[in-house]
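Input: structures, listed below.
Next come two complexes built around subunit A: one with subunit B, the other with subunit C.
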Partner chain A sequence: MDFMVFQYPMISVQACLDGILLGILFALIAYGMALQWGVMNIINIAQGDLVILGGYIAYFMYLYGIHPAWGVIVAPIIMYFIGVGLYKLVINKVVDRDLFISILATFGISILFMQLMNFAFGADVVLANSGYGTTFLFDSAVVLPNSKIFSAFISILFAICLVIYMKKSKLGRAIRATAQNARAAKILGVDTEKVYAATFGINAALCGVAGALISITFTIHPYMGLPYTIRSFMIVIVAGLGNLPGVALSGMGLGVFEEFADYILGTEFRIGAVFLLLVLILVYRRFKLSRKREYLK
Partner chain B sequence: MINKNFILYAAILVFGITAPFIFPAFKVQLSILCVLIVLALTWNIQGGEMGYNTFGNILFYGLGMYLCASVQVGMFFPLAEWTESGGEKTFVHTPVQFFQGMAVGLVVAAVVPTIVAGLIGYSILGLRGHYFAICTLGLGVAAGEISGGIEIIGAGQGFTTPPFPDVGGLEARGEFFYFLSFLAVVLTFIAVKSIYATRFKLILNAIRDNEDKAEAMGIQTMKYKIIGWMISAFFCGLAGGIMGGLVGYIDSTDVAFDGREMGVFMVLMAILGGKGTLWGPVIGATVFHIFKEGFWTFFLGWQYVALGVLIVVIVIYFPEGIMGWLREKYPERFGEVVDEADRKAQVELK
Partner chain C sequence: MKINKIILSFISAIALLLSTSVTSFAKVVGDKIVLGSAISLTGKYSSNGVHTQNGYNMAVDRINSMGGVKVGGKTYKFEIIYYDDESNPKRAAQLAERLISQDGVEFMLGPYSSGLTKAIAPVTEKYGVPMVEANGASRSLFTKGYKYLFAVLAPANLYLDVAIETAVELNGGKGVRIAQAFEQDAFSQDVRLGILDAAKRTGSEIIIDDKLPKELNDMAATLVKVKQMKPDVLVVSGHTKGALTAIRQIAEMKVDVPMLAMTHCDAAKLSKQHGKNSQYALCASQWHKTLTYKDDFFKDGMTYAADFTKEFGYDPPYQAAESSAALLVFKDAFERANSFDQKKVRDALAATNMQTFYGNIKFAPGGQNVDKPMVLFQVMCDSAGKCENKVVAPLKWASAKLIHPVPKWSDR
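Let's look at the complex of A and B:
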C-alpha cells in the first residue's frame, strides 16, 4: 500500500475525474439492468457478458479498418437482435418464475457466452485504439485521454435519448405501463410478450453501446463480464429502481471509489474491492432496514 | 421397510469400500465424486431445506482448502519459504509428519470455516431471496480475488500442497485419498440424515416456506439459519481440505474459490438430483459427475459451452430434479397415499 494519493492532491483530482468518467459508463449499464429488473423482474447475470460482446463488435470493426467509434452505432443494432433472440430462446421461460431461477439461468448463459467469446476472439486482452489523443489539465498534472471524455459524452447522449424515448414513444409508454402492472397492461391491450422482448433488446443494445465505449477506453477480455454485472447490480440497489439521477450519481460514486481503491490498495485488489463493497452495501442496507423490521424485497 | 433400507445401506457401504479395488483406474475420479456428493449434500441443507439459495459455500470450500494445506506445511516448515520455492521442493515431509499434518489440517479446515460462518451469518443471513444469492456470489468472488493477492499463500502463482510421502507409491496415494473422501461422505450423510429426522429440519422447512410466519410462531429463525449455515460450512471446509490434498495444487481462482466451476456445480447437482430430498443430491452428484467426465473427455474445449447449456436446460425444464420426477411417477414409493380412482380420473382428464 502506498499513500501517494494523499500526499499529492493532483493524484486525487486525477482519480476523481477518471472515476466520474468511468462511472458514467457504469451508470449506462446499470440503467439497462434497472430497466429489465423493473419491467420483467429478472436479474440478468449475463449483463456483463453482453457488454463484453458489444465491445468485441467494436473491436472487430477496428480490426477491419473501420474507426471503432462507429461501433457505438453498429454494436447496439446487432446487440438488439441478439437480445431479442436470447429472450425468445431462454428468458421468456423465466420471466414469471422465481428470481433465483432467472439468476441461475442467466448464470448459465453467462458461462456459455464467456466460452463462446473465448473461442471466437481468443483469450487475449484487447483494446480498440481510437487515436483520439489526450488532454492535459493543470500544467500536465492531470492527464485525461480524450476517448474517456468521448465515451462519457456518448453515454450521456444515449441515456438522454432513451429517457425521451421512454417518455414520448408508444413502445416506451407500453414498457412503463407493463412495469407498473403487467396484468392491467395486458387487459388494456398491450402485448406484454412483445414489450418484454423489446425491453430485453433495448437492454442488450445499451450493453452494446457501453461495450463499444469500453473497448475504446479500456480493455476487454472474454472473462471480464461478471464484474460489470456486479457493478450494475450494486448501482441499482443503491439508487433504487426507476431513479435515474440516483443511478447516474451512484455510478459516478462507484467509479471514484474504484479509482481510489486502485491507487490505495493496488490494482490486484481492484475487483476484490468491488465485490467486497457489494457485500458491505447489502449488509449495511440489511441492518438499516431491520431497524424498521423490514427486509429487502 | 427398515430391513430393506438396511440392505440398501449395507450394499452401498460394501460397494464404497470395495470400489477402489474393483475399479483401480478410477480411484481419483471416485474420490472427486465423493467430494462432490459432500458439497451437494451441504448445499442442499441451505438451498433445498432452508430456501436460502447460496453461491457462497465455495467460500468455505476454498478456505478449508487453503487452511488444510497451510497447516500441513506450517506445522513443520516455515510457510513463506515453502510457497516461495514453488514447485521445487526444499522441504520433504516424512510420512508421520504428512499424516499428522493432514489430520490437524483437516480439523482446522472444518472448524475455522464453521466459525467464519457463525461470525458473518448474522449479517449475511438477514438478506433474503436473490439479495442473499448475489451477496454470497460476491463473497465467493471477493475471497478468490483477495486470496490471489496474498503473498504467503502463494498469491497468483499458486500453492503446491505437500506431496504424498514415499509409502506404497501412487496406489497408496489414491487409496488414502479415496478412503478419506469416502469417510467424509459417510460422515456427512449420517450427519445430514440424523439432522433431517429432528425438529431442526422442520424449522428449516418452515423458514423456507414462510419465514415471517415461522417467526410469528415463535421460532428464532436467525438462530436456526446460522446453525444451518455453520453445519454446511463445517462439511464444505472438510471437503475443501481433502480436495486440496487430492489435487495437489491450489490456485486462488481456478481451484479454491472457483465460483465458475465448483460453486455452480454444487447448486446444479442438488437441483439435478432434487432439492429438499435426502437422496437427491447424492443421485444428482453421481449423474452429474458421470455426465461431466464424459463431456470433459470427448468434447475437450467445449466443456463450458456444454456446462452453460446444461445449466439453462436443467433450470428451465427440469427444476424438480430426478427425485421430483420419480416422486411424480411413483408416489407410493415415497409414502404418499394415492387414491387409485382419483389418479385414473386425472389421467383421463389429461
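Let's look at the complex of A and C:
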C-alpha cells in the first residue's frame, strides 16, 4: 500500500486525467462491442484483434512516410470491409445460434487473426510516432502527452458521429429496430441480413479507429488483442447493453479506478483490482435484482 | 495356445525391429553429427527464433566448410534437425521428446527464450542428452542441478548489475537511489533479483519497485512516481514491449533521470527506429560486434557481423551471435572428448574453457557461463540525428565515454 497519491495532490490530478483519457479510448472499443452485442447477440472475442489490425494499418502508413494520424480515417474504411467480409463468411452462420456458439466462432477468428498478423507483420512489438509533443499543466506538475489528448478527442468525435448517425439515418434506425425486435423488424420490411452485416462492419470500423489511436499512444503486437477484448467486455458489463452514455461513463470510471489502483496497490494489482471491481458490481447487481424480484412477488 | 505364441513372437519381433531402427537413425550417421533443436519459427517469439536459427546455420556452414569436427581420426560434419515449437512451451517439450526418442538425436541445441528452455531441460536431463543453449538466461535454469544443460550466455541476474555498479562509482562510491519497473515474467524478475543483490552490495536504496503486468503497455503511473521522487537510476526490463513503452513514455512525459538502464534495446531497434527519443539510454547486452574476442572460425565480432549481414541481410543481434557460439562449443567438446559417448561429451562440455568471437566460455557447475561479463552500450546520436549503440562499460571494451548524468529534456 502506498498513499503517495494522496500526499501529493497533483498526482491525483494526473491519475484522474490519465484515467479519463485512457477510459475514453477503451469506451470507443466497448461501444462497438455493445452495439453488435445488442443487435446481433454476439460476444466478439476477436474484438481486440480487430483493434490490433487497425493499429497495423496506421503503422504501415507511418512506415511509408504518411503521418499515422491519417490512419484514423483510412483504418476504419478498410476495417469496415473486413468486418462485412467476416460477417458474410462466418458470423452470419452463428448469428441466430446460442451465445456459446458465437463465442466459439469468434474465438476461432481471434486465433486465426493473431496467427495471420504474426505471419504477415512479424512478431516484433511496434509503434508509430506521432511527434505530437507534450502538454504541461499546473507548472509542469501534470504532464499529458498530446497523443493521448488527440486519441480521446478523436474517440469522442467518432462516438458523437455514430450516435447522430444511429438516430438520424435510415440504416441507423433499421439497426435500432433490429436490436429491439429482429422478427418484427423483418416483418416490417427491414433487411436484417444487411443490418447485421453493416453492424459488424461498423464495429470493425470503430476497432480500426481505436487501433490507429493505440498505435500512436501505446504499442501494438499481434498477440496483444485479448486485453482489449476483456476490457471492453468489462465496460459493457458494467454499463449494460443499449446504454451508450453508460458505456462512456463506465469506460472513464474504470480508467480512473485503474490508475488509482496502480498508485495505491502497485502496478502488479492494477488489472486484478479492475477484475475485483467487476465481481463486486456483478454481485451487487444480482443482489439488487433479487430484491426487485421479491418485490414483484 | 499356439496362436498366442505366434502373436507374441510377432509383436516382439516388431518391437525389436522398431528399437533397432530407432538407434540406427541416430545422431552420428556416416560422417554426420546430427543435432536437434526445437525452435520458435512461428508464434510470438518467431523473430528471435529466426535469429537463433540463422546463428546456428551460419556456424554449421562455417565449421563444415573449415574442416568439420575431428573425432577418432575421422572428420564429421554438423547437421541440425529443426522443429517449429510455435513459441509454445508444451509443444517444445513434446518436440524434444520426439527428437530424442523418435529421431534418435543424442545432442541438442537450445530453443529461444528462458521459458522454452525451462520446458525442454527436464526432457534432455531425463534422457541424459547434452544440450548447449544460447537463449535461456533465467537464473532458475541454473539452480535446479541440471547436469546436461550448458548455457553460453551470462545469466539474467547479471544483465544490469554493471549499470548499478557504474552509477555507484560515478556517485563517488556512495549508494544510489534506484527506481525499477519489471515485467512479471521469469526473465525480467531474474534481472530484478540481480538489481536487488547489487543494491544490497553497494548500499543503494530502492525507492520505487513496480511490477508491470504482461498485458499492460502503459507505465505512465511509474513514470509519474519517478518524476516526483527523482531517483538516480531508473531500471526497466520487460522485453521489447517494455523497452518501447519506456522510451515512448519517457520522451512524451519528459521524465528527467540521471541514468536510464534497460534490456532488449537492440531487439526493440531503439537507436534505428526511435532515434533521439532513445538517446542516452543504457542497454545491457550479451554481445556487441565491437568487442575484441577472437576465434579461428569467425575471427572477431566485426568480421562475424559483416559475414552475417552478407548472408542474411541484417545486422546480427546478440541472439544470433550467441547461437553461433553454441556450435563452436559443441565442436570443441566433441574433439576433446574424442568420442560420441554422451557422458564423455557432457564431461568435456563441463570442462570447456575457450574463447570465441562472442566471448570467453567456461561453465559453472550449474551450467551458466561465468567467464563472460555483460556489456553496456549507450544510444548516442550525432547532430544529424543518426543514432548508434556505443559500448561504454566494462571500460576494457568501451568505444565511447559514458554520458552521465543524462542531460535534461529542457536542455536537449
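Observations on the structure shown:
The working rule: the second predicted complex is superposed on the first by the 254 of 297 C-alpha atoms of A that agree within 3 Å, B and C clash if a C-alpha of one lies under 4 Å from a C-alpha of the other, contacts with A are read in each partner's own complex, and residues count from 1 in each chain.
Everything below uses one rule, namely that contacts are C-beta pairs under 8 Å (C-beta built on N, C-alpha and C of every residue); 3 or more make two chains touch, one makes a residue touch a chain.
None of these values were measured; they are calculated from a predicted model.
In the superposition on chain A, A:145 contacts subunit C only, with no contact to subunit B. Judged by the touch definition given at the top, the superposed model places A:134 against subunit C, while subunit B stays out of reach. In the superposition on chain A, contact of A:224 is made with subunit C only, not with subunit B. When both complexes are overlaid on chain A, the residue A:171 reaches neither subunit B nor subunit C.
By the touch criterion defined above, A:259 lies against subunit C but remains apart from subunit B after alignment on the C-alpha atoms of chain A. In the superposition on chain A, A:115 contacts both subunit B and subunit C. When the two complexes are overlaid on their common chain A, residue A:268 makes contact with subunit B and with subunit C alike.
In the superposition on chain A, A:156 makes contact with neither subunit B nor subunit C. Within the superposed three-chain model, A:278 lies in touch with subunit B and out of touch with subunit C [touch as defined at top].
In the three-chain superposition model, subunit A touches both subunit B and subunit C at residues 115, 119, 226, 266, 268, 271.
Only residues 43, 90, 93-94, 99-101, 103-105, 107-116, 119, 226, 230, 233, 237, 266, 268-269, 271-272, 275-276, 278-279, 282-283, 286-287, 290, 295-297 of subunit A touch subunit B when the two sit together in their complex.
Subunit A makes touch with subunit C in their complex at residues 4, 8, 11, 14-15, 18, 22, 115, 118-119, 122-127, 129, 134, 136, 143, 145, 147, 218-219, 221-224, 226-227, 259, 262-263, 266-268, 270-271. Residue ranges of subunit B in contact with subunit A, taken from their complex: 53, 123-124, 126-131, 133-135, 137-139, 141-142, 144-146, 148-149, 156, 260, 264, 267, 271, 301-302, 304-305, 307-312, 315-316, 319. Contact residues of subunit C toward subunit A in the complex are 42-48, 87, 181, 184, 210-213, 215-222, 224-225, 227-228, 239-241, 244-245, 248-249, 252-254, 267-269, 274, 277.
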